[in-house]
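Below: the structure, in structure tokens.
Chain lettering (A, B, C and D) follows the sequence in which the chains are written, and residue indices restart at 1 in each chain.
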Amino acid sequence: MSEAVTPLELDGIGKRFGRLSVLRGVDLRVEAGEVVGLIGANGSGKTTLLNIAVGLLAPTEGERRLGGRRAPQVELADRMRIAFVTHTTQLYPRLTARENLRLFAELRAAAGDAAALPDPLLERLGLAHAADRMVGTFSRGMMQRLALARALQGRPQLLLLDEPFTALDRPGRERLAEVLVEERAAGLAVLLSSHDYDAVVAVTDRVVLLEGGRLGGEARRGEGPEAAGYRDRVAALGLLRPSAGVDGRAEEAARA
Amino acid sequence: MGRLIPVVLLAIAAVVFPLSVETIFLDVGIERQLGTVQKIFYFHVPLAWIMMLYGVVCGIAAAVQLRRQSRGAEAIAIAAGEMVIVAGLGVLITGPIWGHASWGKAWTWDARQISTGLLWLVFVAYVLVRRYGAAGSERLAAALAIFGAVDVPIIYYAVKIWKTTHPSNEVVVSLPPEMWAALWPALGALLATATALVAIRARQELCEMELDDAWVRAEDPSVGTKGETT
Amino acid sequence: MRLPRQAWLLAKNDLRQELRDLELLATAGFFTLVVLVMFGLSFASLGRKVQPLAIPGMLWLAVAFVGTLTLTRIFDREREADTLRALLTAPVERVAIYVSKAFVTLLVLLGCCLILVPGLVFMFPAAQVMAEQPLRTAALVVLGCTSYAAVGTVFAAGLATSSGKNVLLSVILYPLTSPALMWSLVATRALLERHPDLPTYLAQLAALDVLLVVLGGWLFESVLVGTARSATASGRARGRRR
Amino acid sequence: MSTMLMLGAPEAAAEAPAGDGGGDEYEAVEGIDRETIECQRSCEAVAARKTASDYEHIVWAYGVLWSLFAIYGLMLWRRGQRLQGDVASLQAKLGRS
């Protein structure tokens, strides 16, 4: 794939369930080599937005483009290049870690795309010692790492993470951050939703705030001296401090 | 325009209805074997046809709804599904009344009775899923309607397999012309009424969907009106 | 090649999990046994003449009961850890998911029939025909169970992706599968009465199976994940707003 | 079409075993021995009872049928009222803001 293609573009996405409007007019682009954080209170529509991006839900209005092409349905070819990790981890508890990875690798191979070998991935995420243990015996953090390993084995161009930090301990978070930085350097586009302020600041290039189903502001990691202010700008979005609107920049961003 | 269709249909029904009563009760002779009660035939059978027709309509509309995400098709599917229940109830009640008068037994567990009952149950399930299903169950309901519509010919064919007490399909085909003449107005009146009701119901459903839109917009600050709940 | 290969991989995965704890087979098998005993208690005194009328009903009612149980369990398994979503977002043909789940359901149902049919033969003299014509009986059971699995898988999967409301499965499944089950009933009665038309009925049942499998496969994806409204439709919707 | 039917009707009535409108046939019966008359009368009574019962069934069936449509129509009408109420409250809400 060439550099110019944008892995994910959401254009005017709205989602309604009857009279309940979950998302309204969300425009979001995630470029290759960019890690975008999606923050917002519970019920602000983060998970719905990710589900729409990955094709599990159909938007009520708006358009989804994957790799620059309109994607009213996320076709099999699209699913080859997208990986999705949620906080429910989606692993078979009655299979071992290796079997879990192998199942999806074989499915991918049947679809005509070679997957990365399981062992180096398990190693990379610190699960080599547990490769042959049943996933049902894993801690939540281990499952989360295994789910990430599965997501990475197809060498995706777009990675969607729903609350990836929740169950991870500190070393786990650091490892996830490391992996994200490495993969970003290799051109992976990441969209992750999180409540975790520190983690978000540490790994993202850009943070967007979802508020009541619409985008409520954006903070971008700048270059040079600007970079230092990223923490404050994220804080100013108001997820962790109640003072949304005190900072003029957030207001400005919200208007834009 | 859309508003006019049910009015026209109901007007047609109002004109044809007395004509149909006249032909059924005054013009047509009494059938020799079954006697006077055979006159139930003239609205029992059209009603069964209407039930099957709207079963198929519901299935086709549901298929269009799934493929095209069309609201119009969804509204028609809902309206047709409900009409299957209403017409089916009519068939299931008038049938046993006829059976009671001519065979002395209201419900004989004959194949056509059972399969009509089953078809009816399928569409009751459709309405139940639409009403009580979680978000996204409109697609499940649509699949249910499609399977239900596929059941219609199976049910029709079932009569041929089971040799039963129910008059076979040939009775309708080999009808004397005057009976046909009495069947048409009855069918016309019932079909016009049923279609009018379906059209009204479908319009209401569309209206409801647009009202949902309007409420969402009213509560959406970006349109310029400030809602209370936001 | 992709579709059969992926379907086989998924089915193998289900079977591997099943072999580790035998949960599905054990519960469904036990349930079948209980139902069989109940039938025995209720109908043991039936006369030889009426037995051919009652046995088909027992066979297919038991299949319908066990089928609902099995379908619920199979998709509960995918729901526990939300793995169905993982399959839906992976590069897997959705039809392969359908085929594999229907196949596993069919296998479990056939496993139950291995208890059910000999049990009926043991309890009712009129069912002896089934022992005398094992091939025809096998064909009948496979064809009948296939039709049930073909319909049931679509709706069990559809309910598994939405939250809760598993009650709706029986509401949907019993009316919807009954035409297929009725066909099986007729064929079973023909078998018990050594009716010469049995091959015809079996052929019709097979045709019905093909129809239901094709329809189920066609609908499966639309039931599980919706498509966005087409550009023209959403354009029209937008036009209407302004 | 309907005139043809009118012409066809008497024929059909004559064929039928027991028409209740056979006033002129009655005259012809006179002069026949008592037994035959009684037999015929009892037959007629049976037929009349059957016809009456048949008509009762028909009226029931017809009544059920149209009342079903009427009930459904009423339900639709009430739904329409509710929708109109909804529209009104939406208008009120838009008017207020």
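Points to keep in mind about this one:
The rule is simple: a contact is a pair of C-beta atoms (placed from the backbone, for glycine too) under 8 Å apart; a residue touches a chain by one contact, two chains touch by 3 or more.
Computed from a predicted model, the values in this text were never measured in an experiment.
When every chain is reduced to the mean of its CA atoms, the largest separation from chain B belongs to A. Per-chain Cα centroids separate chain A from chain C by 38 Å. Annotation: 69 Å between the Cα-based centres of chain A and chain D. Averaged Cα coordinates give chain C a centre that lies 46 Å from the centre of chain D. The residues of chain B that reach two or more other chains are 69, 135, 215, listed in rising order. Of all residues in chain C, those touching 2 or more other chains are 226-230, 237, listed in ascending order.
The multi-chain contact residues of chain A, meaning those touching 2 or more other chains, are 58.
Every pair of chains meeting the contact definition is listed here: A-B, A-C, B-C, B-D. Across the interface of their complex, chain A is touched by residues 69, 135, 212, 215-216, 219-220, 222, 230 of chain B. Here chain B touches chain C in the complex through residues 66-71, 114-115, 118, 121-122, 124-125, 128-129, 132-137, 139-140, 142-144, 146-148, 150-151, 154-155, 158, 161-162, 210, 213, 217, going by the rule given at the top. Touching chain B in their complex are the following residues of chain A: 16-19, 21, 24-25, 58, 212, 214. The residues of chain B lying in touch with chain D in their complex are 19, 23, 26-30, 32, 35-37, 39-40, 43-44, 47, 82, 86, 89-90, 93-94, 97-98, 100-101, 178, 181-182, 193-194, 197, 200-201, 204, 207-208, 211, 214-215, 218, 225-228. Against chain C, the residues of chain A that register as touching in their complex are 54-64, 70, 72-74, 76-77, 79-80, 82-84, 86, 88-95, 99, 103-104, 106-108, 110-113, 150, 154.
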